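Here chain A shows up in two complexes: once beside chain B, once beside chain C.
Then we have the complex of A and B:
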């Protein structure tokens, strides 16, 4: 119970920091901490495998990838200019109220079903038996998807023409 | 008493949605998309816990793979855009309307 509230508050604070921090690097590291707190929640809920995957893939790879890209495009020159407007505030409050209202309606109407703990067999062996028999085809498709993403990243960023253009622009900037 | 996590998932999704709508630079938009993804996967795990279905955990496993691909391609598109237009702001990009 105490852990629940502690983890929830921690995740909420870091999630708020992702959206409201002025520096994008701070936002990226707050996202890392948010994902780690979500991994802790997974761990507490008993899904150990997904907690490990969350730490390895989401926190370890994706959040660090963001920081790498920020270093590549030299984020110092971009200022986070935020203008405050009334319509933004009204839309934000309305959206939050609507989504949380619908959520609380659904949860309060099904509180017995939703708060039940019904872990039948949570062992890794059952999970992987299912993954490599019933979900064999989606697993293979995931590998194909990863390969496609790899090729797409190389094609989009690694073209010689694009790199040449960038070098020419850098030279122009230096000459100016 | 894990029903507080349902509200947390809704909160994360709402925060990510609002950030995606209102943020101006593309990297922050991608960060907020990740936040939404975290909220949704937390919700699916909670449903898996209350129904006892293991399939939901595998669904989250595949979701993590897809989100990794999404972030990699999105970031490489940002780099390509920065090469071409020297900007990452959504206000400066009017390729479709030009």
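Then we have the complex of A and C:
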């Protein structure tokens, strides 16, 4: 129980730091720590595989990617200087209240969260048995999605030489 | 069990063809030499693939409706019909992209690849039967859409459109997943039918948790169809994207979203429950807002493309109004509306695109006196504008009439009145083009290359259904009525 509380507090503090820290690097580091503490919560719950995936994918790849991008670009133009307005404050307070209300309802009413998933039975074998039988189509479609994302990346970053020439030609035609 | 699972692929041939087409196009595109002739082959390959998909869909139409792949996909007449409309829209958008100058020549094959990819997402979305496939569909649809919007790389507005679309899209997908995870957490199932079974028997605490979750779920779909609180991206994206992309966006993602919304509404909210009242109330309010905001903002626009963007928002609102009536009549009228909307939008965008290619912009004034130069095209544009307004004897009238009558039958008088009033408002900006085309003197006497014989024939052949569906609408209406949802 003590661990649970500690981990929860850790996650919350780091998550708040992501939002409120003035420095972008600190925010990115807090994001990494948030993801890691969530991984620890998964571990505490006994879902070892999920914890490992969380560390590998979210903390290992995504958060590091953030830091990496920050290294490559000029950070000073991305200072965390968001404007504060009254309407934003009201909306964020309302959202927080609604989410807190929903969570308190879940806790107070003993709603069986995830009753369908048997947490103790989470060996990788069961997981992949499901993935390659019952959920095979979504699995395959996820590969199509990744292929699509790949194409999208190539189109966005592809060479612009030909495009520039074409654009100039088009502009000339219009000017005539 | 495994063999049974694989055997389902017999009903899934259209999607398989599309995936193969997409992969094949990528390989072709990666290997061909960059000259005009080879590019033509890729174009032909795309057309052949899409026509084959259409054929497979027609073959699927006569089969019996069933749930396949352990209930994650539903193949029924409804989804098949919507898919056919989407394939037609893609075909037309790709054909338009061939001669449009708005897309860079070197990116035209990429456009075809991405259009096919988005179509796969649309197919998934139209027949999704659990939240996993539903989300995969939305995501496949979205990721490629972001890039498509930014296809004019050196154009500032296009890049802005892509970035805006991606940011809003990411947030709305996150919200939707948050809602879905709550639904799964409370009910313990991701199957639509499983969720539907539990909805009437919820305790009040569960209800209080699920109400916000369903609103969040709606946010994801509402974003895709650009309904009002989530429509902010739409005009910028529609205006910034190249015109063939806009044509595509106005049809495929929108119809896919509408189809998914129809399925969710019809599966979840059959039996009376507090949740149903909430959902229908939400739909009514959003539908009325979408129509009104779309129409009122369209009035002040100077660019025809932006005007068409706002008008497509208002059309999404009208289709939402049809969904409010969750019975066979309501679904039938929405499907019919989708079919007519396809043809009307296509003709309007084709003509706008050709005029825009000539002059470099698409202000209303560019249409002045079009009737003196290209009388045939001006008449076609006028027909489509009358049809979009909803004047008899055109298809738009029958479509709107059906939705209004189904609304009145189900005693949603307020929404019917809002719809009627909105048609009057929309007449203003639709008929403005007609007035400019016929009454104003022409700006110049130049020839517009885009209106060659072939393109004129294509435009005419797309306008014919607008006439035919307005007079002989029974056939398509019967087809739409046969497009029943299969719930399992």
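FYI, the second predicted complex is superposed on the first by the 135 of 176 C-alpha atoms of A that agree within 3 Å, B and C clash if a C-alpha of one lies under 4 Å from a C-alpha of the other, contacts with A are read in each partner's own complex, and residues count from 1 in each chain.
By our rule, a contact is a pair of C-beta atoms (placed from the backbone, for glycine too) under 8 Å apart; a residue touches a chain by one contact, two chains touch by 3 or more.
Just so it is clear, the model here is predicted, and its values are computed rather than measured.
*Asks:* Tell me the contact category for A:19 with respect to chain B and chain C: first, second, both or neither.
*Replies:* The first partner, chain B, only.
*Asks:* Check the residue A:73 against both partner chains and state whether it touches chain B (first), chain C (second), both, or neither.
*Replies:* So A:73 only meets chain B here.
*Asks:* May I ask you to decide whether A:138 touches chain B, chain C, both, or neither, giving the answer as first, second, both or neither?
*Replies:* both
*Asks:* Going by the contact rule set out at the top, does A:109 touch chain B (first), chain C (second), both, or neither?
*Replies:* Once the two structures are laid over each other on A, A:109 reaches chain C alone.
*Asks:* Per the contact definition in the header, classify A:48: touching chain B only (first), chain C only (second), both, or neither.
*Replies:* Neither partner.
*Asks:* Is A:151 touching anything from chain B or chain C once the two structures are fitted on A? First, second, both or neither.
*Replies:* It touches chain C, and chain B stays clear.
*Asks:* According to the stated criteria, A:61 is in contact with first (chain B), second (chain C), both, or neither; which is it?
*Replies:* After superposition on chain A, A:61 lies in contact with chain B alone.
*Asks:* For A:11, is the partner it touches chain B (first), chain C (second), both, or none of the two (neither)?
*Replies:* first
*Asks:* Spot which of chain B and chain C makes contact with more residues of chain A, would you?
*Replies:* Between chain B and chain C, B touches the greater number of residues in chain A.
*Asks:* Taking the contacts chain A makes with chain B in one complex and with chain C in the other, which residues are shared?
*Replies:* 111, 113-117, 135, 138, 142, 145, 148-149, 152, 156, 162-163, 166
*Asks:* Using the touch rule from the top, collect the residues of chain A that touch chain B in their complex.
*Replies:* 1, 4-5, 8, 11-12, 15-16, 18-19, 24, 27-28, 31, 34-35, 38, 41-42, 45-47, 49-50, 53-54, 57-58, 61-62, 65-66, 69-70, 72-73, 75, 78, 80-82, 88, 91-92, 95-96, 99-100, 103-104, 107, 111, 113-122, 126-127, 130-131, 135, 138, 142, 145-146, 148-150, 152-153, 156-157, 162-163, 165-166, 169
*Asks:* Along chain C, where are the residues that touch chain A in the complex?
*Replies:* Contacts found on chain C: 1-2, 5, 19, 22-23, 26, 69-70, 72-73, 101, 104-107, 110, 113-114, 117, 120-121, 124, 132-133, 136, 139-140, 143-144, 146-147, 150-151, 153-154, 182, 184-186, 188-189, 203, 205-206, 208-209, 212, 360.
*Asks:* Could you please specify the touching residues of chain A with respect to chain C in the complex?
*Replies:* Interface residues on chain A, with respect to chain C: 98, 101-102, 105-106, 108-109, 111-117, 133-138, 141-142, 144-145, 147-149, 151-152, 154-156, 158, 160, 162-164, 166-167, 170, 174.
*Asks:* Quick one: which bits of chain B touch chain A in the complex? Just the residue numbers, please.
*Replies:* Within the complex, chain B touches chain A at residues 1-8, 10-15, 17-19, 21-25, 27-28, 30-32, 34-35, 38, 41-42, 45-52, 54-55, 57-58, 60-62, 64-69, 71-73, 75-80, 82-84, 86, 88-89.
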